[in-house]
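Right, I'll just put the structure down here and ask away after.
First chain written, first letter: the chains are A, B and C, and each begins at residue 1.
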Amino acid sequence: MAGSPSRAAGRRLQLPLLCLFLQGATAVLFAVFVRYNHKTDAALWHRGNHSNADNEFYFRYPSFQDVHAMVFVGFGFLMVFLQRYGFSSVGFTFLLAAFALQWSTLVQGFLHSFHSGHIHVGVESMINADFCVGAVLISSGALLGKTGPAQLLLMALLEVVLFGINEFVLLHLLGVRVWGGMEWGVGGGQGQPLSQEHGGGGGVLPLHLTAPPQVRDAGGSMTIHTFGAYFGLVLSRVLYRPQLEKSKHRQGSVYHSDLFAMIGTIFLWIFWPSFNSALTALGTGQHQTALNTYYSLAASTLSTFALSALVGEDGRLDMVHIQNAALAGGVVVGTSSEMMLTPFGALAAGFLAGTVSTLGYKFFTPILESKFKVQDTSGVHNLHGMPGVLGALLGVLVAGLATHEAYGDGLERVFPLIAEGQRSATSQAMYQLFGLFVTLMFASVGGGLGAGLLLKLPFLDSPLDSQCYEDQVHWQVPGEHEDEAQRPLRVEEADTQA
Amino acid sequence: MAGSPSRAAGRRLQLPLLCLFLQGATAVLFAVFVRYNHKTDAALWHRGNHSNADNEFYFRYPSFQDVHAMVFVGFGFLMVFLQRYGFSSVGFTFLLAAFALQWSTLVQGFLHSFHSGHIHVGVESMINADFCVGAVLISSGALLGKTGPAQLLLMALLEVVLFGINEFVLLHLLGVRVWGGMEWGVGGGQGQPLSQEHGGGGGVLPLHLTAPPQVRDAGGSMTIHTFGAYFGLVLSRVLYRPQLEKSKHRQGSVYHSDLFAMIGTIFLWIFWPSFNSALTALGTGQHQTALNTYYSLAASTLSTFALSALVGEDGRLDMVHIQNAALAGGVVVGTSSEMMLTPFGALAAGFLAGTVSTLGYKFFTPILESKFKVQDTSGVHNLHGMPGVLGALLGVLVAGLATHEAYGDGLERVFPLIAEGQRSATSQAMYQLFGLFVTLMFASVGGGLGAGLLLKLPFLDSPLDSQCYEDQVHWQVPGEHEDEAQRPLRVEEADTQA
Amino acid sequence: MAGSPSRAAGRRLQLPLLCLFLQGATAVLFAVFVRYNHKTDAALWHRGNHSNADNEFYFRYPSFQDVHAMVFVGFGFLMVFLQRYGFSSVGFTFLLAAFALQWSTLVQGFLHSFHSGHIHVGVESMINADFCVGAVLISSGALLGKTGPAQLLLMALLEVVLFGINEFVLLHLLGVRVWGGMEWGVGGGQGQPLSQEHGGGGGVLPLHLTAPPQVRDAGGSMTIHTFGAYFGLVLSRVLYRPQLEKSKHRQGSVYHSDLFAMIGTIFLWIFWPSFNSALTALGTGQHQTALNTYYSLAASTLSTFALSALVGEDGRLDMVHIQNAALAGGVVVGTSSEMMLTPFGALAAGFLAGTVSTLGYKFFTPILESKFKVQDTSGVHNLHGMPGVLGALLGVLVAGLATHEAYGDGLERVFPLIAEGQRSATSQAMYQLFGLFVTLMFASVGGGLGAGLLLKLPFLDSPLDSQCYEDQVHWQVPGEHEDEAQRPLRVEEADTQA
């Protein structure tokens, strides 16, 4: 039945209808709610008598472009490693990201920059939206090859909402006292994922009460990596396929697909310093965060090569490790790179993350499937899950060591509540730890109950066990060589077997 | 005769002699005319007592680098989709662009920044030159695989001149009153492709009368996309090959050539916000333009996936659509993204462009060839032609709705003639429409008469009908696999058939 | 014996132990010596009462990101041209660079920014470290395919030290008088590879005597390209393999490996203007340097196409030339692009460099191997060696023509000693020439004696003559096609032959 005409007809309509519906609904919500903020709208800006050179655009947009390259080039090509799933890997990443950035502009906007009935957008909403997209793509990495595009869109629909709520809880609800508005100015960036709110609050828009972040997580070790990874892993558990070995022969890479994946790896690696620093405080805040991330990534690269050769058959390196674990250094300093981590601390953290991640690929991924029934296609548990949790714990440690001496005036930027005397460093550390716990809850329950049940809706198009990791299910695929007119339709044969 | 030694000898000399001549002539013209402008030359800059931090370099160069990546990586790899034409696609793009950027520095310089006998160059001339290169590469996309590199260089030689004149007419001649010089300063960018002239006019260089643009087209929906597309399409009509089906077997993609093409697509997509905003007014102007483009592209991606699946055989997606139509959202807001388009307007425009472009690939491209005898290799009519015209019309609409309320002080930047009370919004809209008409005239007549006749010069090296889309005509090509010493010389066989 | 279990066991341990040792030692040195500088550390910065917008981060970081992309994407993929060495090319580049950037942070730090017992780091140390990595990767290009990763790491260990010393000698020792500290400020960048020292010297850190550079080399024609190339070439001479023809069948490219290499070429080409300008003086200094490099690259691209077709078999273009010689325009203006080269001068220099480089590939590389016994895998002599020397000589010429009239106030930035009346332009030219001589000495002696002997240590893992240019020696390599489970282990067969 699976390969029957009725199924094909269903498939023909499911993806386009969902795309059209989601885009239509988003557009209507944009029309009603979304407006330029005062840094984007000339009429509002000039009322404030600011110089054009002070526009936050110039301090954030170059970082945004790097983040944008990571999301679309980095994630897109990193997932091309599968031998017959390249079109889907880069194509569905593209589709998911294009939808999720719009949807998260709305969700984050409602939660964080909703004033007088409108969401106000600017360069920081673009960065925040791309960050949320990052989490969605991390989750999709666990499902890669085993879900159709309509399923992935539904996952994004739910995940973006949960991402926004989790972030809101961490930043605003894990504490009590509400804080007054802050002055606006080039020097007044807030160094946290939602600073557009604070920025907007004190400028030309009607002031409303804003709170400093209760938990710090500038580069998203918790909110992006841990959340995205465990959301995807729990979802993958719910969608467990006991018969997946029917597609085993397509689960590996071929020579050139590994080279394409390295394009993704390298772009993620080089731009990660911009990712972690994109929304930290202007000036020394961005400067230090970028520097820490740069060192951490270098160290994780060396430990990945070391461990990969050490555990590899015959001492040979494994491309999967290099493509992924070398990036763990960026994940592990996501929380702490804006803090006084020190260059040595960055190296040590990166080294640890590369080690844990490589060992995870070698030893834990097989157990994850056999014992925990989690089929983690691209190993997000190793690249984002464990390093994300480690990064959150590192944040606990570094926050607990914060002193006035070490941070100077910077303490007010990174830990305003400590600077104001409302919290001790130890208490901040406890809040950070609680933030990790909350994130794991949201990710697991959301991924499991919500998304899991949603994606199992029986009418949703999902590839057969024998058709996983195969582009032809969703794409018109040309032959591999010039002489083949078209790759033979092996999928259809598989269909009839099923 | 085609494959004979005499022809080979001719081929040996045509390209190098043309390259040497063009480079030599360009260098001589540079020696005589081109000088650093006051933002580039320390001696001139310091006379003006400016701070180094105010140098326009810092406000434009990051955008320039994104545009540069789009031109060379984006266009270069987007055209690699042909299975046996990868070397030529990326190589000839490289060659054409390297020549055209020099030549357009001269042409645009003569028309727009010629003072006291010299052309003055700086970061804005680099951006303007790269913009002109964009138009040339769009045209070459229609001819891809059917013309030799010498023909393409001659096309660029003519097209750059016509591009410059068309742009000059739109910006300066479609109106009457000449306007006084503007103050220089960080806040004084002019938000239009030729602002270095105005900037230069009021600074340290001898002042000369400058006019505000008569027609707005910051991201080039008209001047770049419409012009480039119809120039190429008319040229392709003139060079129509009735026997092209002899090369039909090489006209499609193979699996990995489609993945290479996606590198081009993604880099074009992520950096398009920088393209449209590279020369808009500093501050809110660049900020808003980037934001609008970001939203428009997201929407065109969703509509492209929706339509591609809807019209695809068996509901399957077509890589050609994803590679191209998803980018139409950037084209369609080229004129209006610096205006008060609103975020909703950007989504709606992008959605429409993706839809039109995808349907164009599916239904109109075959008709274009069969009925209109236009062989449009990479579908520039769908990606640049129709979305460019739509973008110009959208500009007409949005310009016609311009009010003091909506733009505030920004009105003087975007529509100085309206702000000064010299034009009504409706009148500005009519000028915009007239600009589209002028552009179509220049492109068609220039592409048809000029370039068409030039490229048909009988002694010019052009591939045989049986040798189109084939790298070996121009390149020493290694085998596809490690075991082949060299790909067999099928071209030569084809030669003898001819 | 070569393929025996004991050898495999040795291989298993050599790389990981070296990685772990180097990373461990680096981390300890970082812990003891490396600290944030005053632009990175909030506590130090705020003591200086600076605005966040003035942080040097905003004037250097976008350039850094471009340089970073060149090092990792550019060099990494440029070397993927070999048909069966893609994993090693991009992987070992990654490993080498990740180690060398840490190690050069230490070495350059000790030599140039060591105050009160600490090395102070910030965005300029990241750029300087990446520059040094560039030199190391250039050297590795000469050895590509003939050395194991442990050998390459040892090479980097030594080369980074010699690079640092050579740079120190050129910038500081080739002269006598010691100069007072300079004021710090946005306008006070020093326009030379080591400006963090001077910046740091006058700010909040304890002042120490600093000297203006004795020899100018902003983009590293001497310190990076000449040094890196001749270091690698002499090393390749010492490691000469008379039996290398055993691996000849793997020495060429295949169709798709050439396309991957073009990714490297294009990213190097587009970002080279940022490379040369990354550390030049702020404002007009960076502006002019970027512009000159842009023109030079365009001209070298045209001359490369011209010469490649002229000397090519049957007039056909050779991908090797396009991939490499087109970049020579960036190398040749490395010294002079921050000087008053003029746009015409940039075109002429680029044209010459492209010509020399292409002819070098065609005629000199074979002689280099047959006569001089230098096996230069990726032709670094043609891309970096000759153009680097030409660039140094061009620097001699342009420095010798420096006048107060031409440079205005800029003279103090580019040639402070001439501006202060301590040197004539002719004398500066002589110093520049002497700098080239010193560089060639350091590179040759260092590469020959030091690195050469080190890399010949008998216990070091090095591929057999029959196993060169082969990924399987170091990597677990999947098959080329979906149907092969694993590429057959041809290496092992080769082993037994040996």
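In this text, a residue touches a chain if its C-beta (ideal position, glycine included) is under 8 Å from a C-beta of that chain, and two chains touch if they have at least 3 such contacts.
Molecules present, by chain and UniProt name: A, B, C = Ammonium transporter Rh type B.
What you see is a predicted model; the values in this text were computed from it and never measured.
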Graph class of chain-chain contacts, one of line, ring, star, complete, other: complete
When chain A is superposed on chain B by its C-alpha atoms, the rotation angle in degrees, nearest 5: 120
Numbering shared by both copies at the chain C-chain A contact, with half separating same from different: different
Centre-of-Cα separation between chain C and chain A, whole angstrom: 33
Where chain B touches two or more other chains, by residue: 53, 58, 62, 256, 263, 480
Complex interface listing, chain B residues touching chain C: 8-9, 11-13, 15-17, 19-20, 22-23, 26-27, 30-31, 34-36, 39-47, 50-53, 55, 57-58, 61-62, 65, 68-69, 72-73, 76-77, 80, 86-87, 90-91, 94-95, 98-99, 101-102, 121-123, 126, 149, 256, 260, 263, 472, 474-482, 487
Of chain A, residues touching chain C in the complex: 53-54, 58-59, 62, 66, 83-84, 186-187, 189, 249-250, 252-256, 258-259, 262-263, 266-267, 269-271, 274, 281-288, 290-291, 294-295, 297-299, 301-303, 305-307, 309-310, 312-319, 322, 326, 342-344, 347-348, 351, 405-411, 413-414, 480
